[in-house]
Amino acid sequence: YGKNTIKFLRLHKEGKKHFVKEVEVCAHLRLTSPQEYLEGNNSHVIPTDTIKNIVLVLAKKNGIPSLEQFAIDICNHFMTTFCQVAYVKTYVQEVPWQRLHEDGVPHIHSFICVPDGIRFCEAEQCRNGPLIVFAGIKDLKLMKTTQSGFEGFYKNEHTTLPERHDRILCGELFCKWSYGECKDFDFDCTWYKIRECILEAFAGPPDCGEYSPSYQKTVNSIQMLVLSRVSQVQVIEVVLNNTFYNVVDMKNLGLTNDKEVLVPVEAPYGSCACTLGRKKFFEA
Amino acid sequence: YGKNTIKFLRLHKEGKKHFVKEVEVCAHLRLTSPQEYLEGNNSHVIPTDTIKNIVLVLAKKNGIPSLEQFAIDICNHFMTTFCQVAYVKTYVQEVPWQRLHEDGVPHIHSFICVPDGIRFCEAEQCRNGPLIVFAGIKDLKLMKTTQSGFEGFYKNEHTTLPERHDRILCGELFCKWSYGECKDFDFDCTWYKIRECILEAFAGPPDCGEYSPSYQKTVNSIQMLVLSRVSQVQVIEVVLNNTFYNVVDMKNLGLTNDKEVLVPVEAPYGSCACTLGRKKFFEA
Amino acid sequence: YGKNTIKFLRLHKEGKKHFVKEVEVCAHLRLTSPQEYLEGNNSHVIPTDTIKNIVLVLAKKNGIPSLEQFAIDICNHFMTTFCQVAYVKTYVQEVPWQRLHEDGVPHIHSFICVPDGIRFCEAEQCRNGPLIVFAGIKDLKLMKTTQSGFEGFYKNEHTTLPERHDRILCGELFCKWSYGECKDFDFDCTWYKIRECILEAFAGPPDCGEYSPSYQKTVNSIQMLVLSRVSQVQVIEVVLNNTFYNVVDMKNLGLTNDKEVLVPVEAPYGSCACTLGRKKFFEA
Amino acid sequence: YGKNTIKFLRLHKEGKKHFVKEVEVCAHLRLTSPQEYLEGNNSHVIPTDTIKNIVLVLAKKNGIPSLEQFAIDICNHFMTTFCQVAYVKTYVQEVPWQRLHEDGVPHIHSFICVPDGIRFCEAEQCRNGPLIVFAGIKDLKLMKTTQSGFEGFYKNEHTTLPERHDRILCGELFCKWSYGECKDFDFDCTWYKIRECILEAFAGPPDCGEYSPSYQKTVNSIQMLVLSRVSQVQVIEVVLNNTFYNVVDMKNLGLTNDKEVLVPVEAPYGSCACTLGRKKFFEA
C-alpha cells in the first residue's frame, strides 16, 4: 500500500467574516494488484502528486463542511474514480485555530492556535464493503490533583511500589470512536458533546470529583459515559499515557512535604488502553 | 558557567479547592573563579543536585506567588548564600494548566493543559549590580487571513516574488520585555494586560482589522502598543517566525482559486526580530 | 492492556575492557480478566513499577547477550511467573553506542553515539501459544542520486506530475522481519547480515548501481534479497518514507540547472509499505 | 533584523562518480535603516524569496567547495551587492550524508545518513569590518564508562549528593571555534583534525583513558588540546550538556549492583560551558 500527507488551509468568507480550516490529510490506498512491487509495472499507480491534486480540488469545490464529511468525500472519490483501488482510508486532522476575541467581541479575520486536544477523523472502505467513519481526539492533557489512588494491586518479591490513596492522576488521552455506517447527523455537534463527556468522566462532579482507583478504571468510566450518552458511537477506544508524579522526600533537608512539591517521573512511563463496544463487551 | 533545568509541580489548597503550578526552572551560575575548569579544583562548585534541592525547598517554603517573584527569590537566595557566585540568572517557564469547567462551573481539582502561548520570566543579577526582571510569552501562534500585504520592496535580477496586497499573515510570536529594577507590582495582572496588547496590535479592531504592510511593521506595532499602554515595560523584544502560505495555482486543473485553497511553504522559512526601548530608540 | 517504557544502561567488563548496552524496553501485557477496568479491582494488576524492577533484575542477572535474547528472557519471565497474564509482548531498542577509536586503536571505555539506523526487536507470546521473535532496523536514511525514475504511471485529468527517468531516490527505511519460532542462532550476526542485504538491494552494485523504476520496486528488491539470502527470515515488512527532491527551475534567473541544485519537497510526503512472506506471496 | 532558512542539495559529478552536499543555510541581515519597522516603508527590504534565490544561484555557480567557503561567498555577495546591508551573518549546516560501501568498495552514487556530530560554520561581517569565520560541531554524543568522578565540591545544608570517584561521564557536545580573519587554508582538513582532538581529549589514551574530576575539567581539556594543536583556532567555545546515570539501588530486591545497571536521570539536567581564547585567558 502507499500513503501520503498533505497539509493545506481552506478559507471561506461570509460577507466580511472569514472562516478558516487548516487540515492535514493522509490518504492510504491499496491497489487490487501488487504488480508495481513485483514487476515494476507502474501502469496502475496513482502518483502522490495526483492524490494531492485530488484532495486540493475537492477542498476547493466542496469546502470542508466538517472533517468527517471531507474524509467521506475523499473516500468516495477514490472508490468511484479508480477501479484499481481495492481499499482506501483517509485520515484528516485539524490545526486548532480559534477565532480571536477582543473584550468578548469576535474578530472577523484573526485567529489563535489553541492545541488543547486535537480533533481528527478517519473514513475507510474496502471495495464492495461499507464506508466506516471514525472520529477522535488526541494530545488531550488532563490532571486531577486528588481523588485518585492505586491500592490492592498484585504483590510479589519484585514489588517496591507503596499503596497510595491520594496521588496525582495525570496523562495524555487518545480517544477514537466509530460511528459505524451511520453518517447523516451533525458531526461537529456530536464531537463537542463527546469531548464534554470525556472531560466529565475524567474529572467527576465539579464540587467534589469522583475517586479513581486506577488509570484503568478512569479509562473505562470515559468509555461507559460516552456509550451511554451518545447513541451514534458504536465502539470507543481510549489510550491514556500516564505521567507519574512523586512527592519529593524532604526529610534529609529538614522539612515535611505534605504533597506540596512533586516531581514528574519520566521512567517508567506507562499507558493503558481499552476498546469497548456495544455488543461484544470487552476487547483489547 | 553552568546551568541546569528542574521541572516540578507545586500544589496548594484553600479549603477544598486545589491550585496547581507546574514549572520548569533553569538556573545559570557563574563563579568568581574558573579554577574548576583550569585546575580541576571543585571546592567552590555548587552541584546541580544542590541547586535542585534549593529550588524545591524555596518552592515548598514560599510557594510560587508568581513566576517572577519565584525567579527573584531564587536569585536572592544564591546571591546572599554563596559568596563564590559572581552572576546568577534564573529562567522560569510555566506548564499552561487551566482549571476545567463543566457547564461553566469551575472544578475544584481538575485541570487541562492549554498551550496557547507559554508564559516565562527571567531574573538576573551580577554581584553588586541591580536585579533585573524580564517576562515574556513564547510559542504564540497567530494568523490573519486578510489585511496583510507586502509591496514596494527592493528588486533586482534575483527577485522573483510578486507584490501582494492581500496575503495570509501567520507566525509564531516570541515576546520578551524587561521591567527594569521595579518589582513591586502585580506581575500576573501586568502579564495578562501585555498579552492583550499583543493580540490587539496583531489583529487590529475586531470589526475590520488593520492593514499590515509587512511582518516587520506588525512587530513594531506590537512593541509600540505595549510601550504606550504599560508603563512598567522598559524594553521589549519581539521575534516573529513567519509561516508563508501560497495560493495553489489550479489553472492546469481547470479551476480558478480566489485565495480559497493555500498551502504552507516550509522553505524559505523566515523570521524578523526587533528590540525597542524607551530612550535609545532603536536597537536590533 | 497496559504497557510501559524503561530506559537503562547495562555495563560489563572483561578485564579492563568495558562493554556497554543502553536499551529502551517496552513491555506490553494483557491480563486474562479485565476486572480492573470494569470493576476497579486491582488484585491482578502488575504495577508499572514492578515491571520496571523485573526488567532491571533480569538485566542484572543475565546481562543483555543480544537484544533478541533479552526480549525472550522477559517474555518467558512474565509467562512463567504470572498466571494472570494472557499475552505479553516485549520491544527492545538499542541506543547506538559504538566504541571510539583513536588512530585505529579501540578505546577500552569510551563510546560515541552513531545513529545510522536503530536496531530493535520484539518477542511476543499468547498463553499456550508459541513465542515469536521479530527483529528490525528503523530510522535508516538512504539516498541514490541517480538510477531512479518514475514513468508509465496512471494518468487522468488530475495528473500534473511529469515522467522522470533520472530523479533522486531518498527515504527513511523501516524494516521488520520475523524469525518465527526458531531461536537458537546468532542473532547479532544475522542482524548485520540482513542490514548488508538491505543496503545492497537499495544501492545495487557499487560500480554502476541498479535502476529503480519506483519506490515500490525498491521495497520489493530489499524483501526479495533478504528472503533469498537469510533462511531464518519468515516474513519481512518494509516501509519506505519518501523524501522527494525537485530540480530548481532557474530559467527566470537566467541559468540552466542540470540536476545540480535540488530542494526537498516537504508536501506531499509519501510512503510505501509491503509485507512479504515465504508461502502466501503477497499481503499488505 | 531578519533571517531565514533554506535547505537544498548540491550534486556534482566527476565522470560517473557522484558527490552530494545537502545543507541548511540561514542568512541573517541587518539593514542600515529600520524604516520598514518604523514607517512600513519596504523600499530597502530584501525579500526572503530573493535571499533564497541568491543562495541557490551561488550554489549553482560556485558549488560548495567547503561549508566555510560557501558561507564566505554568501557574505561577500550581500556586502558587495546591497549597500543597504549593515551586517550579514550566514550559518551553514551539513546533512551528514556519507558514501555507502559494499565490502569495502565505495558506491558511485549511494549514500547513508550518519549523524554522529553535525558540522556547521558561520561567517559574519559588519560593513567596513573584517569577515570572521567560525566552524563547529554539534549533537556529538559521547560516553566514558569509567575514569570520571566528582569529589571535593562545596557542601552546605542543601547538599545531598554523595562524592563519587567512579561514575559515568556522558553528554552531548557543542563546540564552536573562530578562525579569525585567516581564510586561506584547507577548511575540511582542519575541521577533521579538530574533531579528532575533541575525541582524544574527551577519552584520553585508548589503553587507559584519563581521569576527569568534573565535566568542567573535561571541557577545559578539550579547549586546551585544540588550541595547542591547531594554530588557526583563535577562540573556542565548548558546551557540554550532561546526562547523569544513577546506579540502581537493588538492595530491597536482594541484589548487589556493582555499577552494572544504571538509569539515566532526566532531571536535574545540567550543562557547563566555557569559552577560551589565546590572549585574554578566560571568559564565560
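For clarity, chains are labelled A, B, C and D in written order, and residue numbers in each chain start from 1.
Quick note on the criterion: a residue touches a chain if its C-beta (ideal position, glycine included) is under 8 Å from a C-beta of that chain, and two chains touch if they have at least 3 such contacts.
Fair warning: this is a prediction, and the values are worked out from it, not measured in the lab.
Counted as hops between touching chains, the shortest connection from chain B to chain C is 1.
The greatest centre-to-centre distance from chain C, using averaged C-alpha positions, is reached by B.
Measuring from the averaged C-alpha position of chain A to that of chain B gives a distance of 29 Å.
Multi-chain contact residues of chain B (touching two or more other chains) are listed as 7, 53, 57, 158, 160, 253, 263-264, 267. Chain B meets chain D in the complex at residues 1-7, 30, 34, 36-38, 40-54, 57, 81-82, 84, 150-154, 156, 158-161, 213-214, 216-217, 219-220, 242, 244, 267-274, 282, 284.
Considering their complex, residues 157-158, 160, 252-254, 263-264, 266-267 of chain D touch chain A. Residues of chain C that touch chain D in their complex: 7-12, 16, 18, 20, 53, 56-57, 59-61, 97, 100-102, 105-117, 140-147, 168, 196, 199-200, 202-209, 245, 248, 250, 253, 255, 257, 259-264.
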